Amino acid sequence: MAIRATSHYTHDELTDKEFEELKNGCLKARNLSYSPYSNFRVGCALLTDGNELFLGANLENASYPAAICAERTAISNARMNGHNTIKAMAIASDSDKPISPCGVCRQFIREFGLKIPIFMFDKLGNTFIKMYLEDLLPFSFGPDDLGVITTSSASNQ
Amino acid sequence: MAIRATSHYTHDELTDKEFEELKNGCLKARNLSYSPYSNFRVGCALLTDGNELFLGANLENASYPAAICAERTAISNARMNGHNTIKAMAIASDSDKPISPCGVCRQFIREFGLKIPIFMFDKLGNTFIKMYLEDLLPFSFGPDDLGVITTSSASNQ
Amino acid sequence: MAIRATSHYTHDELTDKEFEELKNGCLKARNLSYSPYSNFRVGCALLTDGNELFLGANLENASYPAAICAERTAISNARMNGHNTIKAMAIASDSDKPISPCGVCRQFIREFGLKIPIFMFDKLGNTFIKMYLEDLLPFSFGPDDLGVITTSSASNQ
Amino acid sequence: MAIRATSHYTHDELTDKEFEELKNGCLKARNLSYSPYSNFRVGCALLTDGNELFLGANLENASYPAAICAERTAISNARMNGHNTIKAMAIASDSDKPISPCGVCRQFIREFGLKIPIFMFDKLGNTFIKMYLEDLLPFSFGPDDLGVITTSSASNQ
């Protein structure tokens, strides 16, 4: 993939402190992973507009399709504790290279915002790639396609 | 469905206080539902062995298959906050009748225990049916079928 | 699991010829499996009321949750070729023991009928267990719970 | 979304005859849709390298997450009938505007090829947008990320 610009490697949206919290959160979240089938731990961290941090990790199942990825358990965690905004998300696995959210997660996140920056880290948190959800899921299928008006907390802002 | 026994209507596994917490939890959790497509709110509550309460609600998506049910957001919530045991779960919708977990959720819960009692309430919490996960998903497909040894936190106890 | 009766080991619903077709179909269907992640091939065969045979196999994905099981590709195959009835289904893996449909598949099949017999074979097709969908997914969540009237082709007969 | 180039509106990869087959296929496939919950019919057509045409349509479920989209039933149909190559795909709904594959489907298709052109039609087949899978799912998560070598039939060609 041709990555477009240096902005992929900056974190202007976040203060240094927020960025560190997000990075450390996703690295730590890997410990919450339940992945006896893939042995591929993924951790995710989510920062709300109010700077609350929520963690996520992949939860696998003997029936592979019943698994839930780290990005989606992170959002579940945030929303089930009363938070509806997503300022930024970060993910990391035990891979030397940054990994990206799968298509299922991109679709799930998309329901809650298009302008969300996703920070993808290597396993040590030394390097990262940043992409916005709308660039990870271009020409997306969303609420508009079904003629559904969603609440502000889930708007396509 | 032929419901087998009066035990379907008791809550021996729980103290009255625990039962009330669980019931009120799932009724309240419906407020966390994001369901602009079905307009069918589902709430779930989960009690850990240590009596911590975690809530869940359905999070829908313009792409219907990308939705996550209340039972699974509840488990995500509990695990992502460091809790691996499930003493009991409860669900309720806005229906006059108790509803049961879908097959996807039964499969997801099954990974974390077979003996878990699931309390299914009507919308007011006045009546309920209790069934154990192993009875909701008989002759289940699980870790054993793949020859995978899972950790104690996810054992088939 | 306590299997209830000798009827679990009979195939009264089918003629010997139909039964053989179904059995051989699911064994053969394993060759259609795309399962580089689990290396767990599953084959499925589906017989329509008109005795047309359709095959299914699991199609996996690097993102485990995006996989589709054999039972669901079989139903997709039948319906996309214009057939809406399911007389019986059969599955087999490369395991010495019969395996059962996962909860996701039970829920998917349930939409198209409750009285469907599911034949679960060992890898050689020498032994089998038969269970009806309604017994594999007791007290199921279905169209009625949403107040939706489905077409006859997908009735809860 | 900023659509990049006029190539979005051409079908150079296909002969006029192939293009017509694909277009008519996805329009016709909508009749195979089982969508009592969304009432949103989607049809899909898939052309193999050998110019065999396979259809797909969305199959919904009372439990929304158990649904399978048109793109995935089309691929299931093709593969379960012995075909492993995808030359091109097309989709249409009953919407005046072209709709795009959801993230779940993008991830599912990605396993079987990155260079696949997806033609997205309006309900009458009068206008379309073409995008390649790799542009619909940039920086994708795939077999490489898990260190899995897949067979040629599912290569990332």
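Think of it as A, B, C and D in the order they're written, each chain with its own count starting at 1.
One rule holds for everything that comes next: contacts are C-beta pairs under 8 Å (C-beta built on N, C-alpha and C of every residue); 3 or more make two chains touch, one makes a residue touch a chain.
Going by UniProt, the chains are A, B, C, D = Cytidine deaminase.
Here the structure is a predicted model, which means the values were calculated and not measured.
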How many degrees of rotation carry the C-alpha atoms of subunit B (Cytidine deaminase) onto those of subunit C (Cytidine deaminase), rounded to the nearest 5?
-> 180
Is it true that over half of the residue numbers where subunit A (Cytidine deaminase) touches subunit D (Cytidine deaminase) are used by both copies, so same, or is it different?
-> same
The pair out of C-D and A-C sharing more C-beta contacts is C-D
Farthest chain (mean CA position) relative to subunit C (Cytidine deaminase) = A
Length of the line joining the C-alpha centres of subunit C (Cytidine deaminase) and subunit D (Cytidine deaminase), rounded to whole Å | 25
Counting in whole Å, what is the centre-to-centre distance of subunit A (Cytidine deaminase) and subunit C (Cytidine deaminase), each centre being its mean C-alpha position?
-> 35
Touching two or more other chains in subunit D (Cytidine deaminase) are residues 37-38, 60, 62-63, 66, 68, 102-104, 107-108, 110, 141, 145-146
Considering the complex alone, what residue numbers of subunit B (Cytidine deaminase) touch subunit D (Cytidine deaminase)?
-> 37-38, 60, 62-69, 102-104
Could you please specify the touching residues of subunit D (Cytidine deaminase) with respect to subunit C (Cytidine deaminase) in the complex?
-> 29, 32, 34, 36-37, 54-57, 59-63, 66, 68, 72-77, 79-82, 104, 107-108, 110-111, 141-143, 145-146, 148-151, 153-154
Spell out the residues on subunit B (Cytidine deaminase) that touch subunit C (Cytidine deaminase) in their complex, using ranges where they run on.
-> 1, 3, 38, 40, 93, 95, 97, 99-108, 110, 129, 131, 134-141, 145-146
